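Two complexes come next, and they have one chain in common, chain A, joined by chain B in the first and chain C in the second.
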Partner chain A sequence: MDEIRMPKAEYNHHEMVVGIPRSLLYFRYGVLWERFFQELGVKTITSAPTNLKIMTNGSRRAASEMCLAMKIYMGHVESLIGKCDYILVPRILDFGLRRVMCVNFEALPDVVSNIFFESPIRVLSYNIDVSKKLDERRAMVEMAVSMGFSHGKSNKAYKKARKAQNEADSRAVKQNEAKYKNDGITLVLAGHSYILEDEYIGKPIMQYLNENGVNVVRADLVDRKAALRESERLSPTLKWELSREIVGSLVMHVHDFDGVVLLSVYPCALDSMVNDMMLRKNRITHVPILQMTLDAQTGTAGVETRLESFLDILKMRKEVEAGNGREAEA
Partner chain B sequence: MEDVYMGIDVGSISTKGVIITKENKILSSEYIWTEGNPIGAVKKLVRLLEKQFDKENYRIVATGTTGSARKLVGTVLSATVVKNEITAHAVGTTTFHPDVRTILEIGGQDSKIILVENGVAVDYAMNTLCAAGTGAFLSSQSARLGIPVEDMGEIAVKSQHPTQIAARCTVFAESDLVHKIQVGHTKEDIVAGLCQAVVGNYLNNVGKGKKIQSPVVFQGGVSKNIGVVKAFENQLGCPIIVDPDGHLMGAIGAAILARRNKERRVFNFDVEDMEFITREINCGGCPNNCEIICVYRNGEMIDSWGNRCERGDVAARKAANPNAAAV
Partner chain C sequence: MAEKQKRKIAFPMVARYNEVVRYFVEEGLQQTYIMQPQMTRRTLKLGAKYAPDMVCTPFKTVLGSMIEALEAGADTLIMVFGYCRLGYYGELAETILRDLGYEFDYLNLAEYSTGKKKDYLKAIKKLNPDAKAVPMGKAGLDGLKMIEYIDEVESYYYQNCGFETSKGEYRRALNQFTADLGRAKNRSDIDDAYDRCMSRFHEIPTDKGAFPLRVGVLGEYFTVMDEFSNVDLEQSIADLGVEVHRWMNVSHRNIHYPGEKNLHPRISKYCNYEMGPTSTANIWYAKRCAEKGYDGLVHVKSAGCTPEIDIMPVLQRIGADYKIPILYLTYDSQDGDAGLQTRIEAFYDMIEMRKKVIR
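Our next item is the complex of A and B:
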């Protein structure tokens, strides 16, 4: 990673602008990143919410084998060209034993700097790698130090930023978990935050469900520590941090919802294994599960057919459970 | 004058229509090819239904549409109910087979499984957004082999040793198929292999993790293929019921749903004389550039859809009436 980080002499803090792509881990660390640079006095610019143009441009830039989320990310990076000097692309390998990230996050800085090697942008990165004793604090502080900030100032900025992110997280989790107590049909959307919160691919699905009177709860907004622990009840060997959070969240709340929509993008390596495992192990709990895989298509008919019929099934099932039996004939 | 109900199911391959009474008696039914023209097919269908229909004693008070063109056709027919095909199939089948536990369905571009408990659908799965192992797969392979798709079933049951064919993806299956032909497998074995492959693919993808319990009803266009029915019986180890009206279940379900709905609108077969056209416009209001479908009846726009936000409505109105938008 060192070859990507620029030598300190080149930085001019007052004029430099760091671009943050509104994609992938932005939905997990957005507050942390923006606050961190704000505390250091570095200007940031965040790309616009995903639209068709960003997605199309990203697909053109990305390798064909990459997942849709990665393609969208490349579109966000491209949209930042000319608006900033550096683009923040962290490398996150793991958080400890059986807590690894998808390999895409490990490769991301290298992938971005290779795809955009002709463009006038430079990649700013920090490196989280627990086997090298690089946790988030050390990694981000090292990045700031390499930019020419003092160790003390960097540390202080990190602390404030981390606190802000923690507060935002617990607020979001509290708000989300409160929805389990709402009346009506409760549906859990299980997918990575960068899919569910994406303006172009995930948001329309949430919107559709909300418009149809469903109480939508997100699986990824959960007490992460508890979810990691609970995920072992479904699979003691699952090793991906993001998948474990979602799986754990479903295990924790299995009695609180009427159905699950497993939302993934094509081709997601993690979901292809984890979602398959959940479908097969579901023989025990018999929760209705709808598996949906999104790709770069603009038609929404297939998506709507699936969601609409799934909701019908949930409603019919609920009527049976309530003892009403079959619908009264007119 | 007795009130009756019409159900129309417009799929990618075929268009089905029924008119039923309160007691689920079928008054008229028709089954034609869609041929890539849902509006034309539905107009033809309505004309054929009208011929069998006794206008003196009955009147249609509610219309339901289903199938992949349900929205478009629902607009054309001013339907009272527009419902997805899974719900329609579940409702139709459980009405005629109240004890059914599992409904298998393989259509032109979709395949699905519906699990039923006490006459009510409780769980289902559908193929992900890819047509591997559906009717489209079988008909493209039949074209390659030079066998009419209707005859495939009869040929398949003659085979003693079905050939192993990968059905995961149409492209792979095709290259596998060509290879097997060239090394000397007989046509019967290959066709039987294709039927087996469709079933294997279905059970491994759509039926994954689902408990398939008897009685099992198999429907959709592919259920007319006896080779696939036999392959299901082999792999599931239980009898498979194929209803002679199986292809009409979606339309029947749509008619029943129209009856259950409170809305009433008398249908008087005048759509045959109207001219319907659709036009696609690009909104251009933002980088999403949504594709909006506008439906015109006798030159007047009656509906539009496809836009993600309200900017699209403005664009559609502009397309409907360019002069008014300029004011």
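Our next item is the complex of A and C:
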């Protein structure tokens, strides 16, 4: 902290607008980002929920082998061009030992700036890298300082934003965990939050399940610390933060649900290995698991057929179990 | 005193480096090393059968060669780790093998990657509790030298083998070198093997011409180094009469890695952060080849390799900036090489014509 900081003339934060793509980590840090910039007095604009146009535009922009979530992200970035000066693309490497993020999040700012290098946007980024002692607070404060804000103001903004995010998280977790106690068939949707909450790929599935009278619980909304601890018991060298939360959440509630839908996008690097591991470990508990991989499809008929038959299995199992229970009582 | 039962240690096939592991296990740890047969289609089929279908291809080959090592009689397997999906290979492969009913001891170095270097000693102690520090250190250093020699020989080989006047001379020398390393018992054996191979290389008459075509090969760590995984890519390119250059190998990436700190400033025009475990090196190498006026680049990766997919936009930009043609190759568990051959030939025709026009 001994360097002399010159105010940077290129940032004029009274008129500057920061674009936030409603994709990937938005569903994890959305409140934090929006509140942070609000506290600093910077205008933000969030892209519209995913629709077919965003998805097709994104697929055109992204490299063809990237995962669907990345393609959708590129669509969101494209939809923000012309509406803002900067686009917030954080780079998150890890949160500590065996708590790394997918490589995509490590490369994201550079992927965006290289794909869109001819477009009139610039990438605004903060860098979380614990091995270089850059935690979230320091990273975000450094970003704000580089934008010309004072240390004190940025620090204060971060604190408020983090508090708001924590509150929002714990509210969501509480709401979600309460659902485990509901009656009826409890089905856990296990997938990254950016898949489940995506308007175009995840939401229709949740909606379909809800309409069919299933008690849907999300695996990704969980007490993160406890989930990390539990995941280590199941798989000691599992190192991806996002996967560990989901795995840990399933372990914590293994007796509370009737079935699991492993929802991933094609071709998710993490899920390709972790889902297989879960299927193998599941031989002890014998919970029915449906493994579903979504790609850039436009219809939902195929997905619905598979969900329907899976629900039938769950219902039959429940009836058989109830029957066995009665026999045992008699 | 009855001699203690020695472990039969094996390591998945990685390019030519298994001889190094053998040397370290036999001379340093004083245990038996089991060398599985060279990888074939059967290896890949075995791996693809039991591995999850969307995992990257190296996992399938590694799993296949682990199965072949167990079939060859190994009772202890070693697995390394890395910073991408490779970090989870160890545990998943173990689970799959145990589910298949194999019984073996397993050393997954990912379990020891706690950030403290001391913990790796524990891993060695697990293999042989009586391991002596001095022979082990010596074998370790010899092993490193061996890696350097292998990389040097390979690099020389692919840069020159396309221009030999009588076909097959270079190949014979390289095969002799590999065989010599397989028999090496001490440092002087290793040095002799290297000296003999290099002096034979230098004696082979070549016809290079003033301006040979030069192609840089870069890409994913495992696939780019392993001849089996990339279906002899470098040989196929070299056979057309091309100097094939490749930076990515163990001595450059692991032993003498210049470091993120030194490489990154040279590519700061293209990216602000490190994009993945080998991304910085690959982007830097692509840029260097372009600056040196190479005639083309070949980017190699296995299907679904996230770090390499992520640098593709950067490579495309480098290609556009420096006007250098880039061939992108994605490898999966395919059986034939005809399609690959056609693409390589078409690429060769293009860069050759281009060279004639530019000169």
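The criterion applied here is as follows: the second predicted complex is superposed on the first by the 316 of 330 C-alpha atoms of A that agree within 3 Å, B and C clash if a C-alpha of one lies under 4 Å from a C-alpha of the other, contacts with A are read in each partner's own complex, and residues count from 1 in each chain.
Throughout what follows, a contact is a pair of C-beta atoms (placed from the backbone, for glycine too) under 8 Å apart; a residue touches a chain by one contact, two chains touch by 3 or more.
Bear in mind the structure is a predicted one, so any value in this text is a computation, not a measurement.
When the two complexes are overlaid on their common chain A, residue A:66 makes contact with chain C while staying clear of chain B.
When the shared chain is aligned, chain B comes close enough to touch A:320, but chain C does not. In the superposition on chain A, A:276 makes contact with both chain B and chain C. By the touch criterion defined above, A:22 lies against neither chain B nor chain C after alignment on the C-alpha atoms of chain A. Residue contacts after overlaying the shared chain place A:35 against neither chain B nor chain C. Residue overlap on chain A between its contacts with chain B in one complex and with chain C in the other: 276, 280, 293.
Listing the residues of chain A that touch chain B in their complex gives 51-54, 200, 204, 276, 279-280, 282-283, 286, 288, 290-293, 295, 297-298, 300-302, 304-306, 308-310, 312-313, 316-317, 319-320, 325-327, 329-330.
Across the interface of their complex, chain A is touched by residues 51-56, 59, 81, 83-85, 87-88, 90-92, 95-96, 99, 108, 110-111, 114-115, 270-277, 279, 303-304, 306-307, 309-314, 316-317, 330 of chain C. Listing the residues of chain B that touch chain A in their complex gives 68, 83-87, 90, 117-126, 128-129, 208-209, 211, 259-262, 286-291, 306, 308.
Within the complex formed with chain C, the residues of chain A that make contact are 63, 65-67, 91, 93, 97, 100, 102-104, 106-107, 109-111, 113-115, 117, 123, 125, 127, 235-240, 266-277, 280-281, 293.
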